[in-house]
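Order of writing sets the labels: A, B, C and D. Residues in every chain begin at 1.
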């Protein structure tokens, strides 16, 4: 359609997955009520999970998952070379996600635990940005389809892509939730980037920080608050480590 | 004179399945030389990373094993841990969980039937062209999928990776308003299911039979969902805790996912297995739908798994409406039992959309997990897929099919199992 | 204003009738806190039985019923190369039950901000006009300080106000509709004794305040203390989480966002409640942030509340409900911050900023 | 079941004092300012530099075109449908009812969209908003204008004004500085300003390149090129915040009273109507009490510069 004198063109998009649960890709097929409109915004060039058609020309590559094997590095580099824009799609891609929990242990021990010594290749989980340049990150475990829709619309309309800068508490309060700290639990809402509409606290469970840190968070104040409320620091650390979004702050803290 | 056939089929990263798997078939001189199903997914080592984690956080971790059946994983862990630590959740919470399972299965079946399987039968590369050619069918499919997602969202807070399924019950009950909305939504979407059934009855399901053993849960009173005895069509009945003898996992060289077996060379789990073992517990409407397809227990044609899924959708719609009614009468405040962490070990078995799923977890006094074992439905199907491929390729050759036809049949076969590969390599 | 007295059971049937005939909101218990205390919120109610008449205070204010957290301002629909704009102000009527005097004062303050001045907000006016407010007095909580702000009593801005005088409510009827509705119920003229009870009740409320903040002269004082190190001290604690502004009955600062509809055939302009504590509140395109530090932003919230902005004739807009103090995880609350400022002022006489040649 | 007698019809409370002030929904202009704008066509786009362009807008409706009046220094809220609104100074002559000129730098959502837009596109404007330079009060005096970078945008309206009322003023001088020669915008008008409007122009750049013949350095160094009588001179200063400080301090030292120096402030803005509070400086709204402030007020505003 011609708007303001220019045409809004569908994005040539491709979706790839690496080490992950593929839940983020699955979100692309969710929000069924707007799915036809959403699909009209994109020209799907490559999306193995739902289509057997494969084309190598695409402008935007959505890359889901983290990197844990050498063949994945090569595949990722090829994608980077082909894509005009590479989007780290979901928490695993942006921060390493739950896969990173295995980085705490020697990889041999990890393999022994699951595969009984069979020769299985794996390496510490890496985020997409550790290997190639990432143009945008869309965090979330899983990503929020609403946010993805908004971002795709921004790209189609040639607008800058932005994420909320403020923490989850803003959205949580707007949903009139009872704060989990008032119920005696540690919630990462005060330090985590909003955009998920505070789904976890709304379901009465603590935010585990899947969207990574909000802009310029006050981490010392957050740790102090956990201490002041006499909540468990170990619990706080377990939560901060869950999605690997707070690595830098955890180091600072200990 | 007939020419001797020579060909290799090497399908790397089979599309339209969840995760990464390869099909390899080679034919030499018209004879089948190799037929393999190899899973090449990168493993994620969940059993290792869950160690040391607090029990109450575990369901949130294990749900990340799979993006499609996250509710099943979450509930398998919850069941294992609740049994290990002797926690009895309130009745309302159990009902909410059952409803959540229905939502997930409906969503998963709809996704499989419309997005993954249907294109095969219509010779399309994906569901996208079908949206143009059969818009009303796709609309019906989307309506069912949306309903599945809505049930999951209302019951667990989010359709993928549930937020309110917790040890001891659920952390938040759906509001009455949402339940009432769900009720109308279910009623409104029954016609979509009818339309879907009509559509699938026009498709030709390939004829192929390889006798195998079907495994599922059975609890005697209701179509299986969460917990129960482990049973097989060969007459095996075992306790939930005895899951290891129901799986007998072993490693094969060409696959990162393990293989399993019970009494035979291989066994199968999933919608068809549940159907074969629990036909009598299906809602009459579901049974009628099965009859319309000529599906009756015990069916050994793996392609009929698609139909079994459709039959289950009928059952789910009826049962979900009943569960919603039950919740509307229930005490929505009594949803969570407090508990103290304690040492123990137990198994949680649930019927995920693709079949029986086991989590076995062991905790210490502080409620930290010390040992974990997860056996995934697709793992239990891998061996069956592998041997089915072999038999199907043989049959295709015997019927004089060419390379393209053989490849197509094999692909449809694998997809009929609706494999969830990333899940199987967790 | 007309004064009447009504028995409590009769009052409940009145509320029940009005709740059943309208979209109504009232205090409901939504949770039980860590120490077993009930947690209340203004929630939709469908019968009088759902309303917690004896509630203490709601966690969030009722502000969002007048200024929704997200509000649609206008819609554009695009046609090839052109567009049309649609603006709608209509708001369905609602009944709001159980507002405290401070909450009603807060609405009156919002009236000032939103409806006075050169550009009255039609969106706010539509909602305000269509809201039927039933106020109720209560004994202050330990941390309420509305008396210090002189907002513990209210005499306008509601349709009906109820004071609890034992077994009956003393009603102040402030609108024709309210009076019309009440005619259907058994009302009594206030007796001499009722009047005494009302006075007693008022006195008791007035004397029950345990938290007091010295706010006289605060505006000038805040100007003087603009560069005080106190702001940095409290700022260091602040998480910039915006919770305080979300629950506050008078925080109204907002952002405007516009988005394309998913079919690209139109767009929607929305406003979105913001908070001056959020990190990019004063950040402009290009990245410059006029208030980069937590302390700068926190100060602005206090500045707005206790000094007042021009839109409100530089009146204080805090009503003393202390919702922000309760919601703040970092333990920042008006009483402590203001006392700290005053203390600091007394101990150090030299930190007066020396305008105009500040560098 | 529901007793209709208790249905609230709304508008019950006596809000008359407010209602009187509330916008008259029938009256076009008032409604426009709060939520709806004047439709404008972009009739021309002139590239000024890599980052800045001049947009010529023409109000579509002839009646509205006639109605739209503003004073030099005021701004408007420019709506690019689909993208949002941004405050932009009006950079054209107050007497020009045919076109509104906006000089815009590409910065974020709204401005980028405008840079994508093609000639002929339709946008909308609300306004004018804010305070203006007191051109009438300056009558009979010298006017000293100091513009840095994009500060020339709000300066053009007073420049045009002076051109139109040249006999009102005595000596008029414009000091104009930029980072690089290419960022001295409107150089094609320099001659016109000097010859037709009789404005004495001094330019300077911070980082000269090979082709630059003029002076280089900070804008304040231009003050050595001339003298002025502080008693008789009024000043207008527009530019980045750092520049205000230096220039105004200098003028202050030279003896121009603080209340005769005018600056145009910039803050984040979302409504333009004194509601969103994004543009607060101290307790003052940049959108209502500004953007034009005299320097005395600015010095008394907290955090103004």
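Here, a contact is a pair of C-beta atoms (placed from the backbone, for glycine too) under 8 Å apart; a residue touches a chain by one contact, two chains touch by 3 or more.
Quantities reported herein were computed from a predicted structural model and do not represent experimental measurements.
Centrality by C-alpha centroid: the chain sitting nearest the overall protein C-alpha mean is A. Centroids built from CA atoms put chain C at 36 Å from chain A. Look at where the CA atoms of chain B average out and do the same for chain D: the two points lie 64 Å apart. Centroids built from CA atoms put chain C at 51 Å from chain B.
Residues of chain A in contact with two or more other chains: 3, 5, 157.
Contact of a single residue of chain C with at least two other chains is seen at positions 78, 81, 260. The set of chain B residues touching two or more other chains is empty. If each chain is drawn as a node and touching chains are joined, the picture fits none of the line, ring, star or complete shapes. Pairs of chains that satisfy the touch definition comprise A-B, A-C, A-D, C-D.
Of all residues in chain A, only 3-6, 157-160, 162 touch chain D in the complex they form.
Chain C contributes residues 17-18, 20-22, 73-74, 76, 78, 81-83, 85, 87, 89, 93, 95, 111, 113-123, 125, 128-133, 157-159, 174-178, 181, 184, 223, 226, 252-258, 260, 267, 269, 271, 274, 276, 281-286, 290-291, 296, 300, 303-304, 307-311, 314, 355-356 to its touches with chain D in the complex.
Against chain C, in their complex, chain D makes its touches with residues 1-15, 18-19, 21-23, 25, 31, 33-37, 81-85, 107-108, 111, 120-122, 124, 258, 266-268, 270-271, 273-278, 280, 282-285, 288-289, 296, 299-300, 302-303. For chain A in complex with chain B, the residues that touch the partner chain are 17-27, 29-30, 32-33, 35-36, 39, 44, 47-54, 68-69, 72, 97-99, 101-102, 105, 109-111, 113-116, 118, 120, 122, 141-142, 199-200, 202-205, 208, 235, 238-239, 242. If you check the complex, the residues on chain C that touch chain A are 30-31, 33-34, 39, 41, 43, 59-60, 64, 69-70, 78, 80-81, 236-243, 246-247, 259-260, 262-265, 273, 275, 278-280, 294, 327, 329-331.
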